[in-house]
Amino acid sequence: MWFQTNLTLPARNRGFHLITKEVLQALPEISQIQVGMLSVFIQHTSASLTINENASPDVRRDFERYFNQAVPDETSYFEHNYEGPDDMAAHIKSSQLGASLSIPIQNGKLALGTWQGIYLGEHRDRGGSRRLVVTAFGQGK
Amino acid sequence: MWFQTNLTLPARNRGFHLITKEVLQALPEISQIQVGMLSVFIQHTSASLTINENASPDVRRDFERYFNQAVPDETSYFEHNYEGPDDMAAHIKSSQLGASLSIPIQNGKLALGTWQGIYLGEHRDRGGSRRLVVTAFGQGK
Amino acid sequence: MWFQTNLTLPARNRGFHLITKEVLQALPEISQIQVGMLSVFIQHTSASLTINENASPDVRRDFERYFNQAVPDETSYFEHNYEGPDDMAAHIKSSQLGASLSIPIQNGKLALGTWQGIYLGEHRDRGGSRRLVVTAFGQGK
């Protein structure tokens, strides 16, 4: 069985944000799948998806600090700079972290670990709303 | 329905290259899938696949500059150096960016965003031809 | 056809470890699949999965050296530091490398390249045992 939906996330500030609940609410049919997979895909090149710690907000703040230090805005050798000082750095962060997630489904639920949540990485100062494609597939119960 | 093919890409220069068209041409059966997924996998450990901006060649040049600075050839503490000064750095870039992509299929087409394309990251000076495995699966129309 | 199992890896030292054999032994049903995909997912946020060179142990040692230099323990600006000096760095490495792998299956075998193996990245000093979810799906022979 296959289920797929397009999900538009509202604009968020630059940084890392937990979106597990929004993804699950977008595709309640996950509960019908006994064994399967969930794919989450972001249709942008200046934002990212990753899985990390779902409890402490300071982890998400440290993510933002780390990636800003590792890929600074306005890096001197960036040639692609006409869309703003945050643009090229956002493209690189997007590929470092990735545009998609694949998460197993077991007995109608995501098989995430206790401390795992889905992060949206918003790498632009004004990224606006972000479009996801959420796809679940597998064997029914 | 399942479709799978092996695709050999011709040798390219070190750097990042758009290969979206080659991937799509290798598996025209994608058009038969209403809801599904495309997997693209590279069978090498010194090249990578990622999704990023499909329009401006300067983005791909900045990718090459950034990753060469972040993972320099001939890094002094590299122990694995007998395959050339670019080899160990290529292995690390390959894992930072990844060996596979998962892209949803909607109504016979890849559900890529407007500005998204598939990049080959060629991280060796003379990487030679590169082998991909392209797999599409889903519900037929 | 779908096969899924939970695999607990024994505790390993901090560093990168080849686990291809353990993954394959956990799901021998892969041999029944003609065309399909294997998903490997780690249920932790301070360890990672990646694909890289399966022969030379020095590659895995260089991975550990590189990522320790790129994301140092006890980075001064880390706010999330109460779980030990290696914890926040481990979270970042986990997202840089990723929590899941997608590998095509061809004719009952993983379609890995000659030199590709599955790495566990253990990013904590005492990470303990690690839980994986291994899922194979596809068309039977």
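In this document, chain identifiers A, B and C correspond to the written order of the chains, with residue numbering beginning at 1 in each.
In this section, a residue touches a chain if its C-beta (ideal position, glycine included) is under 8 Å from a C-beta of that chain, and two chains touch if they have at least 3 such contacts.
A quick note: this is a predicted structure, and the numbers were derived from the prediction, not measured.
Listed here as common contacts of subunit A and subunit B: C. Although subunit B and subunit C share one sequence, what matters here is the overlap of their interface residues, and that overlap falls short of half of the numbers used.
Copies subunit A and subunit C of the same sequence differ by a rotation of 120 degrees once their CA atoms are superposed, given in steps of 5. Averaging Cα coordinates per chain places subunit B and subunit C 20 Å apart. In subunit B, the residues touching two or more other chains are 70, 96, 98, 102.
Here subunit B touches subunit A in the complex through residues 35-37, 50-53, 56, 58-59, 61-63, 65-66, 69-70, 96-98, 101-104, 106, 111-116, 119, 138-139, going by the rule given at the top.
Listed in rising order, the residues of subunit C touching subunit A in the complex are 2, 4, 39, 41-45, 70-71, 75, 77-80, 88, 91-92, 94-96, 98-100, 102, 131, 133, 135, 137.
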